[in-house]
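The structure appears below as structure tokens.
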Amino acid sequence: MINFKIGIIGAGGIATGRHIPAFKEIEGVSVYGVFDVNHVRAKEVAATFSIEFVAESEEQLLRHVDAVVICTPNKFHHQSVMKALDAGKHVFCEKPMAIASHEAIEMEEAAKKAEKVLQIGYHYRFKKESLAAKKAIVAGSIGDPLVVRVEAMRRRKVPGWGVFTNKDIQGGGCLMDYGCHLLDLALWLMDYPEIELVEGQTYEMVSRDPDQVNEWGIYDATTIDVEDHATAFIKFKNGATMLFETSWAANVPSDKESLSISGTKGGISVFPYALNKAEQGIMTTTVADWISGEENEGLAQARHFISSCLEGREPLVKPNEAKIVTAVIEQIYQKSN
Amino acid sequence: MINFKIGIIGAGGIATGRHIPAFKEIEGVSVYGVFDVNHVRAKEVAATFSIEFVAESEEQLLRHVDAVVICTPNKFHHQSVMKALDAGKHVFCEKPMAIASHEAIEMEEAAKKAEKVLQIGYHYRFKKESLAAKKAIVAGSIGDPLVVRVEAMRRRKVPGWGVFTNKDIQGGGCLMDYGCHLLDLALWLMDYPEIELVEGQTYEMVSRDPDQVNEWGIYDATTIDVEDHATAFIKFKNGATMLFETSWAANVPSDKESLSISGTKGGISVFPYALNKAEQGIMTTTVADWISGEENEGLAQARHFISSCLEGREPLVKPNEAKIVTAVIEQIYQKSN
Amino acid sequence: MINFKIGIIGAGGIATGRHIPAFKEIEGVSVYGVFDVNHVRAKEVAATFSIEFVAESEEQLLRHVDAVVICTPNKFHHQSVMKALDAGKHVFCEKPMAIASHEAIEMEEAAKKAEKVLQIGYHYRFKKESLAAKKAIVAGSIGDPLVVRVEAMRRRKVPGWGVFTNKDIQGGGCLMDYGCHLLDLALWLMDYPEIELVEGQTYEMVSRDPDQVNEWGIYDATTIDVEDHATAFIKFKNGATMLFETSWAANVPSDKESLSISGTKGGISVFPYALNKAEQGIMTTTVADWISGEENEGLAQARHFISSCLEGREPLVKPNEAKIVTAVIEQIYQKSN
Amino acid sequence: MINFKIGIIGAGGIATGRHIPAFKEIEGVSVYGVFDVNHVRAKEVAATFSIEFVAESEEQLLRHVDAVVICTPNKFHHQSVMKALDAGKHVFCEKPMAIASHEAIEMEEAAKKAEKVLQIGYHYRFKKESLAAKKAIVAGSIGDPLVVRVEAMRRRKVPGWGVFTNKDIQGGGCLMDYGCHLLDLALWLMDYPEIELVEGQTYEMVSRDPDQVNEWGIYDATTIDVEDHATAFIKFKNGATMLFETSWAANVPSDKESLSISGTKGGISVFPYALNKAEQGIMTTTVADWISGEENEGLAQARHFISSCLEGREPLVKPNEAKIVTAVIEQIYQKSN
Amino acid sequence: MINFKIGIIGAGGIATGRHIPAFKEIEGVSVYGVFDVNHVRAKEVAATFSIEFVAESEEQLLRHVDAVVICTPNKFHHQSVMKALDAGKHVFCEKPMAIASHEAIEMEEAAKKAEKVLQIGYHYRFKKESLAAKKAIVAGSIGDPLVVRVEAMRRRKVPGWGVFTNKDIQGGGCLMDYGCHLLDLALWLMDYPEIELVEGQTYEMVSRDPDQVNEWGIYDATTIDVEDHATAFIKFKNGATMLFETSWAANVPSDKESLSISGTKGGISVFPYALNKAEQGIMTTTVADWISGEENEGLAQARHFISSCLEGREPLVKPNEAKIVTAVIEQIYQKSN
Amino acid sequence: MINFKIGIIGAGGIATGRHIPAFKEIEGVSVYGVFDVNHVRAKEVAATFSIEFVAESEEQLLRHVDAVVICTPNKFHHQSVMKALDAGKHVFCEKPMAIASHEAIEMEEAAKKAEKVLQIGYHYRFKKESLAAKKAIVAGSIGDPLVVRVEAMRRRKVPGWGVFTNKDIQGGGCLMDYGCHLLDLALWLMDYPEIELVEGQTYEMVSRDPDQVNEWGIYDATTIDVEDHATAFIKFKNGATMLFETSWAANVPSDKESLSISGTKGGISVFPYALNKAEQGIMTTTVADWISGEENEGLAQARHFISSCLEGREPLVKPNEAKIVTAVIEQIYQKSN
């Protein structure tokens, strides 16, 4: 029986809410150690989850584990990943890969050089609907994608905890934190075609209202300095286009998380899964009544990381894809007035 | 009692289906004459609708009427409008104003010089929901528009009659014929802000399938040479953006005709009319249970044209707005791969 | 231009409501003559539908037409068809083919010998959903049919007109008149497999209540002598089974007209069309949003008859199939207590 | 205060999931002892449920209790029941009563001779809807039953645990395990009328697919040797008929558990409870908004067994009824190709 | 074959829209003559409906007919009815019977003395749901009525035609014109129990807004002098109470026309028909899926009048009931502030 | 940090289910002591909720706390409140304030004299929808209230525990216990206008049936002596009227808890929150998609009481309002036959 040791770097909500429970559930894997700049927090988390070792530094942690899971704020992804790869460890890094495109490029190269797994936490790909949609598209159900529509919209859900509204630490708002998931998923379903141009615009106005109605706790409307809404248009060299919109605080009637693609042979919607066709005289819609597989996409993602490490296989979410997400986001910010 | 005489130029389906019945219903107005290059057709239409005079030429018709309604294919809008204005007549011209931007500019100038009404047939503005939305926006309900979304989507409804699939005569397909309505409506609701850039792409693939499933009759899949689908992204100088999509033949689950705007103070959907707000601790949606006004937008449009002529008032759908629709469409075609 | 002359035998509701209008709509076909034992009725129908010739006898009518449409009560189908085939005419005969199995066998042989078309009026096959289901089954969508379920159920709709409740003239009630359609459709979709056994039971009780609630007019509860409800179970030599139920007057919550098949690879429902599958990890349901083809199944059936006659082609609803429907019904009656 | 001692024979899932918790909840009753051929399992269960006595043999257990609950695989029901009755104990035996009809007959006779309660676990009768339907039928609401329809259909739910797919031990598949419940319920609601004939067919094909989609865990598609689907038709001497279908793995759009009866005076559906009538000029549907009684049918069943034992009353689910269920199932297997 | 001659007094909308077509449809009845103070109107109506005789006066009309239908404004009901009874004619009088209670009393006495039928036009009683509810109540389904709720509510439907908003001529607004129907129906379903007290209040405010949104045409908000809304509470000597509300222009979310009764044994709702019970351990709701009878209540009412006249039978809507409706309305007006 | 000590008087279900948990959740507040005439019950409750002090008498408890929460049966509210105020303590008293109007008047005066908070437990006011409705009404959304409708209806939910069915101890049934909440809420939303008259009637019949179907446990149908249903009509001096109905056991199709108001400018429904308007040519309905604030109205009420005590502020639910509720209920009882 394998004993594959995982170290956690950054003991915040994403570590305790998603990754630690997931890795603990996998046979042959132990969450061995944890490091956080807030040592008290690290110790509490270790106690809660029966983690053996509370490290004094990332370096110390790296000496005792086979792989690390990077759960720090976005700004620190780059440095932690570089250190871990340099120490010859496999790395699972939360999304986004990095704030800046040039950091992502360095990280990708470091992974290649280290010959280690570097998997980015775009877990939307591990949802059952996403995997089913990918399978259908690969099987040719929709032909070539022509038009992709992404809506990652929350009406009034600015995160009222953590550092989400701090641009310096997180690099951005809804686009960097939430829209990135759907952007990666859309690009993956399209097979990451070459991009011709990116146009876009970010917005900041709605969330600055001091009397903000907000469903996800209370944030400081006077200090928030990240975008609350963004639109984009991506044109690909193969002629496909993507209409993209994401928000944390939009004047829309309800939250909406949708991704649909119209192709040459059919169309697909991912959430919920539905396929439309028009052939042999019939227009049809096919819905999924039940999809087999792991319900918990965080667990599926963790299992995938472990098997990639053990089998020396490239992970599903690859550095050279995740870096493109970062590059697109970077361009949207640059193009904004 | 006034007797305002209308002449019809082009006796096709739009004349018989919409304009002749509408103008005939207005008190004090008579549909006096008709001209069509197909004289037999003109005579039949005259008989059906009890129209007194069947003209031998546009020039002849112009001598006997107070205003003309131009219902010719798109290619001929420019020449007919120029002749009519030159003859000192008021003109109602079906949409689009013209195929080419430079034609539209000339038409606008001619109208100004002639000091006559030139109204373009963007009748979506006369729908009750459109008028209600405009009123709400003018009253400040949504604040400043930030993001506008337009979907003018038909699943499989390529027109199987007329000259709709002929690029030379019509200038384009779904964008020129159908999407233009929603584009004008969206720009009008936004108060026609200055455009910074237009990006877009047209598609032609789906409608070329020889075994096409099509709900609106049969067209020749080997000769159709217009686009069946288009996407666009428009950025405005005030920072607003529009996500736009239109189609006659898309792989989508159903037809969808929607226009929604998220602004700084609220959001609005036009079809059906619904307003969303988030203020004073409550997120609300307001729907219209009933809207007063004329149910038949074609009739409302006709009445508006007549009163504009009689009162010497600028019409709701102005040349300097309609020319912008034509310019945007022109740019989408130019930007397409 | 062809002039194919049709003669109508029996000028009742099925002739005036379905067949005469349908055949009149087909180019190249004329409904030339009509015969009815009630000569006054025949003349009225001829006047209403501008039918040229009112015959004094079937024999006289047969001399002037290319084909006849038999719309007499069930009891008379056999004799009229035999006469017409003997006279060398194509024959369209309303369902059921005959009351007794031995009659149907004679009719099939007569058609073969005469080398003429004999099409039976099971028009449910010409519904768009039926044709789409047949196409899907032939394409292998459901594999081999295992279980077929038929429900042709009306809650309280005993026909309050015509001779429907008279056993001598019609041969039976709901099974003979209504259930036969779905029975034929089910057998056709299964490709008329060889039957191993038929079990069944008819009922007569509910419709004999003198205070009957009935949606389709008033009938005489003291003289009705046909069944109002029937159940059956058919086992086929290939192991498939059919669960069958039909009624005119059942204590059920609502009318229900359904036909579904579970096969080795998938399942299908015909009204409305829906296909279910469970493969590659997904259970799906596919519905038809729109099916191309003729909306009016009576017209589609008539067109099919004409083209079968003109092209010397065997019709879709063949005598050797329709005779099996009659044989199954006969057995259900025989097996009933 | 009574102390009525229960012994459990067979400590599998049905014992721990249903019977032990139910009997423990009844005042005056103790679950005193348990026996299982797997002694380790028996000890674990005893520990979990604080059961005092873990027997070495059925005989030993029988010496210490007032009644036993037989929860062994179907094959062993007969021998355990015979032993217990022979020892003069009351017996609750899980359904089906036995695999073979002749065993059931012996068991019934043994119970009669021993003058002890022998109740079979057809707990569907104790559902609130079932009891309400029985009450309505007894009160004459539907008159005499004419047609009964049973659908006990699961789309893809072959049990992936236990011995359910082993024919030798269980005697059959969906029919023996699941369909039997609805069959008993239907017969009971009809008042167990005399049977004239049984026709039927079992199927095995769908569940043999090695890539089976299955919602209830994983089973071995290469060793399963029980039916996954069955249809049947039962004709009763009073003229009533039953259309019956059950499945564990059918190509149907969704699971369906329904039982409906059309009678001479009305119709009833059990799940959910609904009654239809057509009298005095009105067709009505009556639904149950709320039914009083015990929500947990397992507990209701256990209480009923205890009170039957204590009051020396014949239980609701009698041996002479349960043996008919076994006989019908036996005939369906015999009639299958 | 009878020839029963009807004369129409008052040729307005209620005569042409309801009564003339209804009486014309009845075999053996002719609408022989018409009188209107506006003679031109009378002649037009006579032409439209092929009415033989246009009278110069009521007196003249009365000389030629067997019965009259009074369709004049409310103010004139009394005098026309008195004249007709005095002339020995049967009378059908539109609702309300009269504006003032003392008039109604005189009319009732006149009818008694003349021994003629005097039927008032409360046609809501002839709706199929009303008749079914009455039948159910008479059969004891709900026991004794305890609480009755009436809502005859229109959101914004002040009649924009006729004299409906003129208090002098009509005697009142929504209560006199619309609420009276439901009030009569409720009292009839309760079997017109003796009244102990009436409390109530009328309102006039909403309809006076000069920018009124109104679905039923345009009325003059400066001259309307009738109530637009009323509430009332009626207590009966048997302890029952009625909660009553009616409106033409209320700030409510939608129109609502409902009448429900809770009794000692059950409850009933009339529109749509639904019966609730709670007995024998079950709470049930029974809905009517279909009710037999005449769909057109105006025709049913007319047939009933004719048969009452011919058979010398007291009509369903009796003077001594209708006078109570008038008395209740009178009291509500008196009690209003 | 404040330590505000609460004493509980009456340790029944309302204390343990609502108030103790609520006050325990508030920072700076301790539930210090408890008194109940049943000392054993008091000790158990103290143990369960870790309450330090179990008093021997109300007087003893009053010596150790800052405020008391009165949770005794209605009959004892008066004496306990008087004692507590006399002892100079703040008082939270469960609704209704008192059984008799004269008691309530004394209590109000005592509170004024003591200069202490006396808050009555009409917690419906603290529901989010109630607070939102109040805010909207205060902002003028509906103008002046004209008609108020209250339905506090339970179909079959007579409380089967406690002393709810005992008139001597509780003073009444559904009106005193349940309807009072909605009555207070309605009056508060109307801003407690001056009452002109109250009419009403109580009922007792339905709950006396010995075979009562009841969802909330079992009560003794032979001893219940409180009303199970009541109707009322309240007219206010400003012309507004209220239609009121409440029940524990009514023959209605389902429970219904609704409060709606039609005003001069709009209408409002509280449960769920919805606002209707008709202005500027549009009839609209506005629903609340999400309302901010405390979900648990019991906690909101407790927090409000504490802050009122600490800030010396008059509470939201004032004695001079609650006494009016008691007076109205008293009048309904007096007016009943």
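First chain written, first letter: the chains are A, B, C, D, E and F, and each begins at residue 1.
Basically, a contact is a pair of C-beta atoms (placed from the backbone, for glycine too) under 8 Å apart; a residue touches a chain by one contact, two chains touch by 3 or more.
Please read all numbers here as calculations on a predicted model, not as lab measurements.
Between the contact lists of chain D and chain E, the overlap consists of C, F. Rotation relating chain B to chain D, from a C-alpha superposition: 180°, rounded in steps of 5.
Taking the mean Cα position of each chain as its centre, E sits at the greatest distance from chain A.
The distance from the centre of chain E to the centre of chain F, with each centre set as the mean of the Cα atoms, comes to 43 Å.
Inter-chain centre distance (chain A to chain C, centres taken as mean C-alpha positions): 60 Å. One inter-chain figure worth recording: chain A and chain E are separated by 68 Å, centre to centre, where each centre is the mean of the chain's CA atoms. With centres defined as mean CA coordinates, chain E is found 50 Å away from chain C.
Residue positions of chain A touching 2 or more other chains: 155-156, 213, 253, 276, 280-283, 285, 289-290, 292. Here the touching chains pair up as A-B, A-C, A-D, A-F, B-C, B-E, B-F, C-D, C-E, D-E, D-F, E-F.
On chain D, the positions that touch chain F within their shared complex are 289-290, 292. The touching residues of chain B, counted against chain F in their complex, run 132, 135, 273, 276, 280-293. Only residues 142, 146-147, 149, 155-156, 196-197, 199-201, 203, 205-206, 211, 213, 229, 231-233, 235, 239, 241, 243, 245, 247, 250-253, 260, 262-267, 269, 274, 276-283, 285, 337 of chain E touch chain F when the two sit together in their complex.
Listed in rising order, the residues of chain B touching chain C in the complex are 155-156, 213-215, 253-254.
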